[in-house]
Amino acid sequence: MTTTKSSAAEMATALAAGTTTSVELTQLHYDRIAQVDEDVHAFLYLDKEGALEQAAAVDAKRQSGEELGPLAGIPLALKDVLAQKGVPTTCGSKMLEGWRPPYDATVVTRLKEAGVVILGKTNMDEFAMGSSTENSAYGPTHNPWDLTRIPGGSGGGSAAALAAFEAPLAIGTDTGGSIRQPAAVTGTVGVKPTYGGVSRYGLIAFSSSLDQAGPCARTVLDAALLHEVIAGHDERDSTSINAPVPQVVKAAKKLDVKGMKIGVVKELQGEGFQAGVLDRFHDGLDALVSAGAELVEVSCPTFDYALAAYYLIAPSECSSNLARFDSMRYGIRVGDNGERSAEEVMKLTRHKGFGPEVKRRIILGTYALSSGYYDAYYGSAQKVRTLLMRDFANAFAQADVLVSPTAPTTAFKIGEQVDDPLAMYLNDIATIPVNMAGIGGMSLPCGLAQEDGLPVGFQIMSPAMRDDLMYQVGGTLEAALLAKWGAPILDKAPVLAAR
Amino acid sequence: MALNYDEAVAKYEPTLGLEVHVELNTKSKMFCSCSTEFGGEPNTQTCPVCLGLPGALPVVNGKAIESTILIGLALNCSIAPFSRFARKNYFYPDMPKNFQTSQYDEPICVNGYLDVEIETEEGPKQFRVEIERVHMEEDTGKSLHVGGATGRIHGAEYSLLDYNRAGIPLVEIVTKIVGGTGKYAPQVARAYVTELRDILRSLGVSDVKMEQGSMRCDVNLSLAPIGSGSLGTRSETKNVNSLRSVERAVIGEVIRQSNRLEAGERIVQETRHFLEESGQTRPGRSKEQAEDYRYFPEPDLVPVVPESAWIEELRATLPERPSVRRARLKSEWSVPDKEMTSLVNAGLLDAVEETIAFGAEPTRARSWWLGEISRLANEREVDPTSLITPSQVAEVISLIQSGELTDKLARQVVEGVIAGEGTPSEVIAKRGLKVVSDDGALMLAIEAAIAAQPETAERIRGGNIPAAGALIGAVMKATGGQADAAKVRELLLKHLGQFEKATGE
Amino acid sequence: MSAISRDDVAHLAKLARISMSDAELDHLAQEMDLILGAVARVQEVAASDVPPTSHPIPVNNVVRQDVVRPSLTPQEALSGAPAQSEDRFKVPQILGEE
């Protein structure tokens, strides 16, 4: 029987077999959302009418015998950073409260064309800046494993929706780890494709040279199925890669890593990493070795500087990207009393419309780009980026993929780090190098930390445009761990009480 | 005592710098596929990209790159093997993203020059204006200021924004400092902008209409005491929108700055605005208030790396330099200076040249385009070349030359063509505009005229040749103006036995 | 002595068009000090012979054809406008250049 706990692939089989319909599946998920989302707060907006309409249309097509894509009729949760025509799109910010885009992001267009049913928009750190979803202007999302804890960020809403069985699939975006770190702390799978692999058109920019949308799911295969729906060249995005999409579904199904070299990054497993995280990470390594892979230790010395460089490049780009939120053309307008000038109204609107973390980064980025400081800050950070890419090139010369824990710790308590930006930034220490180099990265669960019983994420990094490699390794690891555990990790999560 | 211009340049050496912005005439905008058509209803030519909607991304118009490279080549620039876009960050409501996508330290064309000639007291003299860079960027939207003094920004209650112009491709052409002009700085500035305009027009990359803003000029000017060997502080006069204003702006700034210096005051580095009415400038933003633009490489666009083979292909398509061409045509057609200037200013060189190529006689070709066709174009406020083609004009001229049309009939033919009645021969057929050359028909009309005015006929018979005018007029009237008046005169005088005498006089 | 003063932050806030109270400026000045202290270490390895990287994937010459495609309707374009009039975006009086 199909339940909200089924994987997307299982739901697809049931739909193809006619044992359920898309309308039924969609309604099933809205029922689940009604049960648990008051506690979890994964969603900012539910587009019930649009989703059921889309589901009915897919069902009708299926009835008429039309050839459908593998994910046609499957529900999905969309991070609120992507423009969806006519549907409120806030980016987790007061600034865009009430804004309904007049256009669809390319990712959204592709989802619609594939018959994927978009349930609604998920919560996120404001403008994707954060690692806990506490920076949302609309209140935090709660981790289904422990409602007092954070679900990771910025895509905490998408990850929590998966972990709470509110949706089998979700879209996230990853600028410094915003897909992978939430996946790690919620026991789900999240993939940041190679930069340029998925169109950024309609993705509300945080840091243009780092942002990348990607699939979120509960299994590696589901992520791969979704990956193939959203990936591919888009002429509206100049940085989109004009080459065939790596065959990630095929790779996810291979379940074979014999002879593959797995590079364990020396710099991503020492100080600052929780003991239980490292233990589970080593379980993952052991499973890969048992499956026939060979471990090699690789060193990436510049990784120590990645976080610093990231916190110059991302704020610099965001200070420019977020300049357009000025109350002139869209979004909220504050203080327009007929007397004040446009400039004053812009300033008041941006004061009120942006939260503290966004302001912090805009000011930091404005500083890093300003005359007299550019070379020392932004310029130096760009050089570090070059060094990071050299480190990766070196490491990939020795290994097919690289691995590390995804996040240094398990989910922390809501409120615990909110006043300490530097501590918060450390959550992305292992994920950021991937964005800086534009390569692919995946997080999948590798067990529960003994200290707190919370999920731990295992990160796999693959060379640019070889996203298939991380799916191959991820799929194999997932199968090995599932065989060991006997059940999916989310089965160990506490049952959320229906209210 | 305030210095006048001559006194000022006797004491101070001006140094110029010119920045010209040109709107390219591509069909679509710089970074999106919206139309660039002029004069559309407000906000009908906008999309997520040029409105700066959250999530939208730019994609470069390949034609704009091509046009910019052509401009660079025509200005003797090197085309950069690697160039990039950058963001110029500052807030302004008519700029949707609050940054302008422009080029900064990696422009597409660098280090060129343009030689211009001016008249000096010692005769014609050439000046080389060195070009620092030619780069691509985008235009802003347009604001309408409502309330307060009409259309003025100051005192307006609110403003209304139309983003149809936002994202129109702009090319900015920046000179190096131009020194050594002495008192001829105004003429050099004007000659440079004029020559630049002509080159851009010959390349076909822009409408280059200064009055409509498709070409705009900023004039940088500084003064230093003659012989000091140093450079003074410069002012930048914005949006000088006619060739004459370029000259006047330089004169105005020379006078203003010299008088400040005479009074022992400092020149402030600032932007100034040219005042069309007075020829003076008034202060705008000073350097101290100037924005810190925080340029950085545009992450949403990839580098432009033009292949050298493509550059050479483009170089091969460069048209003859306008100044060279003008000199050639002037001598080929033996045109007086003044008429040549009129042709150039009216943008009619191509039309006339083509008309001549279709076999028309040069003098007639020029006079038709500059005269009747320009007059009709002015009435309609359109370009003469949009009304009629050179081959049609050549056809009309050849009919005049062969005597099949009179000038008067030819004007009707041209009118008919412009009114959309078809080709000249179609108009002639439809309107029945052939010269009446049938002697029999003319004779009937002549006899009728004589019968109506027997006394006049008698006077002519008596040797009063000028009296023939009245009868010729009557015949012309009777034939609806389609007769050849000379022919009528000949037949009339022969009929009355006076032709011999008239031609003998 | 701190590397960044409240006045510095005030200047940055002005460039970024964000109004800030004195308390916010003070708080942010402190935070900026901490953050800048942490990120300044990029200078340790940013040697002069290292070229900067602005784009993670090296792609050049991506252009589109000069073809006009349909625009939004003015209604769509103005659909998010906080204020509008005569098919234009209505904004408060603009101070600045003419």
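Side notes on the structure shown:
Letters are used for the chains, namely A, B and C, taken in the order the chains are written, and counting of residues starts over at 1 for each.
Just so it is clear, contacts are C-beta pairs under 8 Å (C-beta built on N, C-alpha and C of every residue); 3 or more make two chains touch, one makes a residue touch a chain.
Predicted model only: the values in this text are computed from it and were never measured.
Counting C-beta pairs in contact, the pair that comes out ahead of the other among A-B and A-C is A-C. Set against the Cα centre of chain C, the chain with the most distant centre is B.
Per-chain CA centroids place chain B at a distance of 39 Å from chain C. Note: centroid distance chain A to chain B, computed from Cα atoms, is 55 Å. Centre-to-centre separation of chain A and chain C, using mean CA positions: 24 Å. In chain A, the residues that touch at least two other chains are 99, 101-103, 209, 235, 238-239, 319, 323, 326, 328-330, 338, 342-343, 346, 366, 370. Taken residue by residue, chain C touches two or more other chains at 15, 17, 54-55, 59, 62, 64, 72, 77, 80, 89, 91-96, whereas all remaining positions touch fewer. Taken residue by residue, chain B touches two or more other chains at 48, 51, 53, 59-60, 91, 93, 157-159, 161, 292, 294, 296, 299, 301-302, whereas all remaining positions touch fewer.
Put simply, chain C touches chain A in their complex at residues 4, 8-9, 12-13, 15-20, 28, 31-32, 34-36, 38-47, 50-57, 59, 62, 64, 72, 76-77, 79-83, 89, 91-96.
By the touch rule above, chain C contacts chain B in their complex via residues 15, 17, 54-55, 59-69, 71-74, 77-78, 80, 85-98.
Considering their complex, residues 82-83, 89, 91, 96, 99, 101-103, 105, 200-205, 207-209, 235-239, 316-317, 319-320, 323-326, 328-330, 338, 342-343, 346, 366, 369-371, 374, 378 of chain A touch chain B. Contact residues on chain B toward chain A in their complex (touch as defined above): 48, 51-60, 87, 89, 91, 93, 96-99, 157-159, 161, 292, 294-296, 299-302.
Remark: chain A residues 99-103, 194-196, 209-210, 235, 238-239, 241-242, 302, 305, 308-309, 311-312, 319, 323, 326-333, 336, 338, 340-348, 350-351, 354, 359-360, 362-364, 366-367, 370, 376-377, 379-387, 389, 421-422, 435-439, 464 touch chain C in the complex.
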